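Supplied in structure tokens, the structure appears directly below.
Labels run A, B, C, D, E and F following the written order; every chain starts at residue 1.
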Amino acid sequence: MNNSIFKRQSGRYYDQLREIKITHNFTKNADSSVLIEMGNTKVLCNATILNKVPNFINEKQQGWITAEYSMIPSSTLQRNIREVILGEQSGRSKEIQRLIGRAIRSSVNLKKIHGKTIHIDCDVLNADGGTRCASITGGFIATYEAIKKLDYDTDDTIKNIIAAVSVGKLNNNVLLLDMDYSEDSSCEVDLNIVMNNKGDIIEIQGSSEKNQFSRNCLNKMLDLAFQGINQIINHNFK
Amino acid sequence: MNNSIFKRQSGRYYDQLREIKITHNFTKNADSSVLIEMGNTKVLCNATILNKVPNFINEKQQGWITAEYSMIPSSTLQRNIREVILGEQSGRSKEIQRLIGRAIRSSVNLKKIHGKTIHIDCDVLNADGGTRCASITGGFIATYEAIKKLDYDTDDTIKNIIAAVSVGKLNNNVLLLDMDYSEDSSCEVDLNIVMNNKGDIIEIQGSSEKNQFSRNCLNKMLDLAFQGINQIINHNFK
Amino acid sequence: MNNSIFKRQSGRYYDQLREIKITHNFTKNADSSVLIEMGNTKVLCNATILNKVPNFINEKQQGWITAEYSMIPSSTLQRNIREVILGEQSGRSKEIQRLIGRAIRSSVNLKKIHGKTIHIDCDVLNADGGTRCASITGGFIATYEAIKKLDYDTDDTIKNIIAAVSVGKLNNNVLLLDMDYSEDSSCEVDLNIVMNNKGDIIEIQGSSEKNQFSRNCLNKMLDLAFQGINQIINHNFK
Amino acid sequence: MNNSIFKRQSGRYYDQLREIKITHNFTKNADSSVLIEMGNTKVLCNATILNKVPNFINEKQQGWITAEYSMIPSSTLQRNIREVILGEQSGRSKEIQRLIGRAIRSSVNLKKIHGKTIHIDCDVLNADGGTRCASITGGFIATYEAIKKLDYDTDDTIKNIIAAVSVGKLNNNVLLLDMDYSEDSSCEVDLNIVMNNKGDIIEIQGSSEKNQFSRNCLNKMLDLAFQGINQIINHNFK
Amino acid sequence: MNNSIFKRQSGRYYDQLREIKITHNFTKNADSSVLIEMGNTKVLCNATILNKVPNFINEKQQGWITAEYSMIPSSTLQRNIREVILGEQSGRSKEIQRLIGRAIRSSVNLKKIHGKTIHIDCDVLNADGGTRCASITGGFIATYEAIKKLDYDTDDTIKNIIAAVSVGKLNNNVLLLDMDYSEDSSCEVDLNIVMNNKGDIIEIQGSSEKNQFSRNCLNKMLDLAFQGINQIINHNFK
Amino acid sequence: MNNSIFKRQSGRYYDQLREIKITHNFTKNADSSVLIEMGNTKVLCNATILNKVPNFINEKQQGWITAEYSMIPSSTLQRNIREVILGEQSGRSKEIQRLIGRAIRSSVNLKKIHGKTIHIDCDVLNADGGTRCASITGGFIATYEAIKKLDYDTDDTIKNIIAAVSVGKLNNNVLLLDMDYSEDSSCEVDLNIVMNNKGDIIEIQGSSEKNQFSRNCLNKMLDLAFQGINQIINHNFK
């Protein structure tokens, strides 16, 4: 099928992002606080600055950035059980927060924040697909603001301006940028990409539980991802 | 000391509430969603309606209401560790959510919601004192809206319009209505009250780790609490 | 209904305590050991003295008192599952032990036990209502004896001689002092009070899941509670 | 060294049991309740009768007996941390309760209690050595009484009248019957035996972390154990 | 730097796999058992066939494949703590086993194994880099054999013959196929790829915590990965 | 029944061991690695040497030996759930690893390995009865090799050359040496013995859930055990 004539249920074009909304200083006690909305996906990304680093970093002359990810129970259509009731974080939560931490660390010169830890908490308030990408995009903004609050020179400290987006492939070969929950549930291939503003790759995670995909398809998905990431970065850092 | 001449750090009078703000429909996926703000205390109170009741209710001809309470890690001045990382809810969280559930259940005629469970999730986004009272006040509004969404007659189903507030006593005998975090940390006696709009008591929890208090003092605190609760109810259900 | 003509199933008057029995030195290894019986409620309250204080106390010039509460599985009519099997303490246990700790701390001048922790373990051997009150009453006696064992002057170290009791209100408005399990299960309002021998309040916890109660009713319940607490204190510290 | 001239710290002879005390009906809510004291070792052995059997028994035409063992925190000279706080039972507790269950099951004709489970809870109130043996001895009495309460014929249902005792070997080759805590800590070989009143073996657990022991030594220890078990059974079932 | 002149510490060329060794039927009780060795990396991949499917699959007309991944404590140079002692699986283990399960499921026509679950256990006996790739490669062989044991037609049931391999990029731009532990620790970009024998992609996970990488670099890494995967598949399914 | 005419299902005589196979250096990263096979029972016994001792050993002038035991999920005929999924080690695992540790410690002069801990991991790869005995026998060989790797004099450091074996009694009074899983499941009495090469006892654990056994029977079982242990030791240390 031809991408350009495909109608998404939401009325969006295949290559159209959902509306982005960034609210700064959403809460008071965090060192920086960003509420990011990608359509109905709503994630509170708060940064806390600690004046210490984890033990395994101590001997290195650098700082550290780490992330945690959680969904509040009422964030999903069918209420999910609070993880503390289950006694441990799900594999999915752990996998996502490892990804968020890695992606944001790769965007910062950790030598420049020597002795500091920036702890990013991504708490999903409403989930409509793409929460991991929104967490990375919002978490990066919170990190950026935490670095400004620390009076560091951002040009010097930030290596890459980054954002993340999902791209999917339907079984009719239509590609979709920035999938919502219903699209995510029905696609054949699911790719999450973190890129900088030059199109270099920070993280790529592509998974196709239903069907393998070709190298050619991968390349088209990466093109579409870059187009979306470029728009997101321009929106956030104009 | 005379209450009327006492200056609170925030500029409030001893008997003055913080600014109340209620945002309805804050998130999409919950059945009703209320963001309550009492000054800088900010709690997301979401209701989920389930078409079943817990086992211990099954044989009774009634419905059920239950609550969970949690603080996101970045809600406090010093970041608190995510409870799932510790492996279990703190005693404080469990105690508060049992209180929220009891208070809201007492306000509803459970026979009228036969076969339904209303699950209230109170997720504290920013904590500046009085989070349990804000959770009860906000959780009750979310319950009220869930009952409307179910198309039940609220006059028939709601037994009490309720709200909660804290009252403290400083060591100079000054009483304080609706304490913020710094007031709460320094007071001698700490009373949390849930009342209906007629001044009847639903729950009373008074604790004085530093000093005992007299029956006379208790009565003055209850007078002050009712004045505050009356204002809160008028604000929310005008 | 008139309180004075009401017949309790046990034959007690509405304002009559159950028989109190205190066995000192019930076990050997604890620093002080009190088996308290209020009718068929039987709680072993043992104190252990530690020559250190928790970290959060270290910088303050004082000691600490803390409590733990647990029911042995066979203490209830229907055997309860051992908490360690469930993997964590119930919310109820945590709430009760926090209450016991707060109440006993408020009765002692912690400056005078500088550098010491008194750890009170309340293990319920048989439960017939009022276990939290019996734990506070018995735990206070164990604390009193631990302080004597430490050769501290009790007049100087003990700020308040305390005890705890429950008062209930039935739906026919009859009030009941010191409820047993069947009374506790059927009452409308349930009040647990900790007072000193002068009638000052240390803790008040009133809860009415079934029906709100008036300020006037609260006052009558407090009168009845004080009468009971006075008798308990006279029995224990004659 | 010659056994017969050895002086134990407690004044006992090498082959002398501690004073045994059995209190029946120590608590009300359990189906049978036995407080067993062997010197200062004090274990509450309560039986609960359930009208169902575990799943793995369902298809067999029989009943079941199971046991749990726990020490209250203040039962030991140095207070032990409550197992629920650690989040799981210690290996030692699990090992002991498996032993208690096996030993008592072997003494009962499980076919005769078809459809019933007898749940034995052994809660150690004071520990001075030999708590596992006291738990087996006391747990068996509680089982015996539960079977009587069920109106089963004990002659028919009980296969073996059993008891348990410890025997130790010091590094001077002296053997000791029924060791207290200080003897248990210093002995070289530690043997726990469950026997019936004819001297047949139900369980034998011998462990020698410090030194191996000969077949000849094992036989002498078994002789001594039988002498002790015989006395215990005669005391309990005269 | 030029790939072709680079010397690896192990003596391998940049595009050379480690020695592969597959031992079939390594253990008896599993339904199929494969010990895979890639150099010193040694993973036991065992399949268990269950005649039921998880609840969430029940209504669909298909079977299921799931995987678990664990390292024995002595598999790493510095002994790792047994996960059960820590009380939960690490985020890394959960992430890897989700990947193994997804990859193998994508290779099988689940409709054809209707009503069956194939449970793949990947227990790492010795870890020298690439354990997740070896687990996928070995787990797929075990799955293949389990399907033969079930007497299903493999041509019909297996959609893709798959294998996995890692490719790394050093900071001097040299690419490395099938990295061992020391190479993995020092590389800048780390890519794990699952492909079928035609070079189609099943999973791609690329991560660059130290430095972003270009689209061009990604393509070269994918070329190298396919060359390796082709050799592995030819070795295993000649 | 007469032992000598009894036919075991496997074809073995009543007093015949299964085939023993010891593979040294089975894995690379452990300090010593022994794969022991007793028939189809297959246990990987790996030793890790640590240059520190546990806290409770610190003040004593000695080293320490400890053990962990676990079965991989696919080691049993019916797959067992991974212990980490259940959240804790089973009572059986804890009991067995305590036994392994005690037995091996008793065989070594701990003074001679002052400051070192030898950590033995016994991971059961295939279970066909007798895994605890195989773990002790294999764990002892791994310990022996770890001590050689440390360049200690084994004659000086090893106090006892040990091995373990099981002996069972069927309900027809036939005794069986070194039982496999089906024999273990059907026997009446189950004895596990650890002995040195002179027939002295290190550990004896005899359990008879189905029927008591006589002193005479115990002696015959011990004779048979020693014959088996002697053969095992001769095989391993010829």
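Just so we're on the same page, a contact is a pair of C-beta atoms (placed from the backbone, for glycine too) under 8 Å apart; a residue touches a chain by one contact, two chains touch by 3 or more.
These figures come from a predicted structure and were not determined experimentally.
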Identify the chains adjacent to both subunit A and subunit E in the sense defined at the top.
none
Where the contacts of subunit E and subunit F overlap, which chains show up?
none
Looking at Cα centroids only, farthest away from subunit E lies chain C
Angle (degrees, nearest 5) of the CA superposition of subunit A onto subunit F:
120
Distance between subunit D and subunit F based on Cα centroids, please, to the nearest Å.
26
Roughly how far is subunit B from subunit F, going centre to centre by Cα mean, in whole Å?
60
Centre to centre, by mean C-alpha position, how many angstrom separate subunit D and subunit E?
52
Give me the residue numbers in subunit E that touch at least two other chains, ranges are fine.
87-89
Is the way these chains touch best called a line, a ring, a star, complete, or other?
ring
Traversal of the chain ring from subunit C via subunit D:
C, D, F, E, A, B
In the complex, subunit D residues that touch subunit F
87-92, 94-95, 97-98, 102, 105-106, 160, 195-196, 199-215, 218-219, 222
Residue set of subunit F touching subunit E in the complex reads 26-30, 33, 40, 42, 44, 46-48, 50, 68, 70, 72-77, 79, 82-85, 87-89, 119, 121, 123, 125-128
